[in-house]
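Below is one structure; the comments refer to it alone.
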């Protein structure tokens, strides 16, 4: 299944390309999805600070304004108001994609997302839905510091009425953006800046990746590692390394944290009895907490060892490179966590 | 220990009063705490929509403006900006208490809370802290509907740098507001409207209830029920009823969900092996998820049965009384959940 | 809609009377405690909804607030579907999910209502943006209070609407209060229009209790908008008679001076128009008969609403997400 | 601070030179990739920080933005503590926790810096509220960009400051861009002051490249504020030379026309003042010698900053909460 593969290096990409698979970077896949959406759906438009500029949101919307004119629209720096604008446009059947350069700016528009987009279909008795996609990017490194590097997907987990996608591969980046666009409900779509350059197979045509269907990235019998977004390639690396030590790690990528595909996860933990959860956010109250609680509701006896979370510490991101290095978990931390679950 | 007691009816109150304990309602206790803060600390001020009006935020600030003048300050309807104003006043050493009539309005000021108040002490290298208390009230009933009845404390759980208090009794309402005021860090203080009329013992003088210290409201050996806010009296009622069936329920009130006092909870689950978590919010990603995950990290083997959550469903609050009745869990739901944990 | 230059005073009277009597029925039945929804009554402000909505087609968009009834009615909503919603019945406009604060009539261009103050202002800008992108010629009318004009969304919305020359009419109903907080405790001066001035958009201030004045102002503003000249802003000064929420009057709870209310009652928008029309021949008895017929209709609507079934419980879950995909 | 009516042009020149050279040093060392912080350079805008801060006492409050360096320096910050912060060193003003976007110098009235656009505007209002409640006579100066004026916080802040007559000076540095987005793509006209007009506060527009003009305008505004007349607003038109972030120029990446930059470079605030001062006898060679001495000081500061130790890892956790209670 090339579509579920995670390329960890150039060799992986070469292999796939040689066997006839078209490979793109994550950001190219994103851009292609935007292009297809704008080309095929006259109700679609893209709005965000800088979506039409020479940077094109790190390349993800590059050149689209030339083709689609005002349907690729810059905006004032007014996140809450413009989210409201996009919500209302969606309420009358348009299909906006609202883009934030950083997930950190989402709290500005929290009211429109939490009190409006998420609740509109319910509040109107099902008369009006909000087919809005909100893209935002998780930053990292070079002293981005506390306000430019948060993984805020967890902030929305407790809000019913939202879908939350975190594509980890170029294939998913395209397929989940197409799925999010087709979805009649509000979808938060989180990208990680460090995935943008990653390459992988991406079919040229239209396809969708369902929001809420996990994928087993790698099979293994000894421990289950659940990882999202940029933690997926890290988990795959850890799994590859642990393989050399004879430890079989099953890596599951839920791809969306709402809805969360518990069936795939439960099946894996039923097999391994060990669970490590990797996130690109602070530790407390992340998707890992919800996942573990659902497991404890469904079948606590499956757990043969304490659960481990590999995440950012519960601290604002520091600026100093020395502190950043300590702040972010890496492949070694995942390996250590897996070993800990096996120690007992 | 009268101070940890939860009065479920007039009789309970009578008993305490007869044995010499001063009893107040929750809202009177709140008002008294405000009064003491304003009287003793010239840097304290109270700001919020209607804090100085004839209603006085359901009575909790009633008449204070007459005594303290502009230190009890009405404000424009501009939650984000005014939260920023309060943050900055706090940053130079004032001690504001910002009041929202509904927790539902907090998302308006999410950016100032999440990106500023919570991170300021870290970002400034510890030079500046934000001793700000934000009170907000969880509404319920009479068709309050989707935007006037949310328990949004969970929305902030994933944000490091905040303390989150949910006092359930008049004693705690006063003691935790005094503690929150004395705390040099930002504290979110959630009240439940349906607790306002509840009476209980409240000493006249100054005392504080630490933020992050759970209390065992009732001892029992068969099952642990953790409950916060308005779910506490419900859990106590359920426990009393189950007692008649010979089931010993231990009711723990964490009082704050950040920091969360896991020691008290772990000790109880170590004894009972059964865990039911009651919240005044939607199910997913509440404090119960985090609590359960920490339990699964610390000692999953303690759980002799699946965990149960008694919470609102993952749905926006409906308006219709028929739907409200179905939406809100009650004492019977807690009893059922406890029985379920014992069935296995 | 007015086809000539004459002001359709009779229709405006009918409209205002409907809005008034619709809510006076609520005042009547509310003490029965069966209408379990927080009602924010519009009584006293009727000239604004009537005067503006007279110019709107069903295809035009309208955004209202927590104080929603009158705008919906003036846009053509059936009283029974509103009453049923307030009673939490499945026949309500939102199947009992929204109550009084969140009505939706998509077929009338009302695509949902926010009770977050200021939350709806950007929505009218969003429907206007859709109209502009689609070139469908619709206009959007956004009603909101003086309190809402203090929210950041007010500024963000006016700025964006002006920037993109969107077909949207902002109507600020300045009734001098937000709950019981007077304007002077919240804004530096009494004219919200001053704050709107800086966006370079068409702006008028009008006596919100004079329906003819509102009608004429809205006509000018909408002509401006329909000519493609961009957004317009009307501040209508008015006063609400009842409490912020519920059927009582505020002075009963110390919310404001009774004398102030008494003064404003002398400027009742309906009485003002009746007095004027009397001069040109209106017969009070005829009007009373008309009101009686209206009352009978509203009584029937209330009764029918009240006897409709409650929504099924499974509905809540079914309505969380829409199921079909694009 | 100016004690007489004469404009202290020499001091203003020194101040601007410091701001310029401080950042030109960053441009020099940045390619070494050791200063791992996103730098938003102020080069081209120096007249504003210099002209305004000349009137501020250390006890007055100042709020800056992501483009923070110059405001801190003009308020009296030590270059080395800034450089060290940019290098992520423990000797930095925030112990390496904040980097370039979040400096804090509480002893200079800079109580922390937000890099959320518009996030800091209410903070200046909050320090001013504290001053008013305490009666301590301090003023607050809030600097922000044209982009920030689009955020709702701008409106909420101006409204509240005007309402309460707070001692706060808003300085909008209108450099025509937010990242590479031109003002015309974001606001209905080129004058942010138009948006500010509606609050009824003291407002001026000024050539932000003319330090004397800025100085005089700030003087008038602060006199107004210090007389207890409430807030003031200054829009200073200017232009930034470097890219939104980093040491390159924007045209190199298609961000804006090079010709536009070239035009503005002809209006360099420092050159304009030098030319003026030459007429009254300034000696270019003397100035060059002064700059050389400044450079030596800055080089030493950079070197000292760069060789300071990194913060200990445990610091992060220790700084989450303040421990002492009231």
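Letters A, B, C and D name the chains as they come in the text, with residue numbers starting at 1 for each one.
Methods note: a residue touches a chain if its C-beta (ideal position, glycine included) is under 8 Å from a C-beta of that chain, and two chains touch if they have at least 3 such contacts.
The structure presented is a predicted model; accordingly, all values stated were derived computationally and were not measured.
Set side by side, B-C and B-D show the greater C-beta contact count at B-D.
Relative to chain B, the most remote chain by averaged C-alpha coordinates is D.
Centroids of chain A and chain B (each the mean of its C-alpha atoms) stand 32 Å apart. Taking the mean of the C-alpha atoms as each chain's centre, chain A and chain D sit 37 Å apart.
Chain B and chain D have centres, each the mean of its CA atoms, that are 41 Å apart. Within chain D, residues 92, 94, 96-98, 102, 114, 116, 119, 150-153, 155-156, 159, 163, 185-187, 316, 320 each touch two or more of the remaining chains. Multi-chain contact residues of chain B, defined as those touching 2 or more other chains: 75-76, 78, 80-81, 104, 108, 111, 115, 122-123, 145-147, 160-161, 313-316, 318.
Interface residues of chain C, counted against chain A in their complex, comprise 61, 63, 92-98, 102, 104, 106, 111-112, 114, 116, 119-127, 129-130, 133-134, 152-153, 155-157, 159-160, 163, 316, 318-326. Of all residues in chain A, those touching chain B in their complex are 80, 104, 107-108, 110-111, 113-115, 118-119, 122-123, 145-147, 154-155, 157-161, 258, 281-282, 284-290, 292-293, 295-300, 303, 305-309, 313-316, 318.
Remark: chain B residues 41, 45, 70-71, 75-76, 78, 80-95, 111-112, 115-116, 120-129, 131, 160-161, 163, 181-185 touch chain D in the complex.
Note for the complex: chain D touches chain A at residues 36-38, 85-86, 88-89, 92, 94, 96-102, 114-119, 147-148, 150-152, 178-181, 185-187, 253-255, 310-311, 313, 315-317, 320. Chain A meets chain D in the complex at residues 49-50, 53-55, 74-81, 104-105, 108, 141-148, 313-316, 318-323, 326-327.
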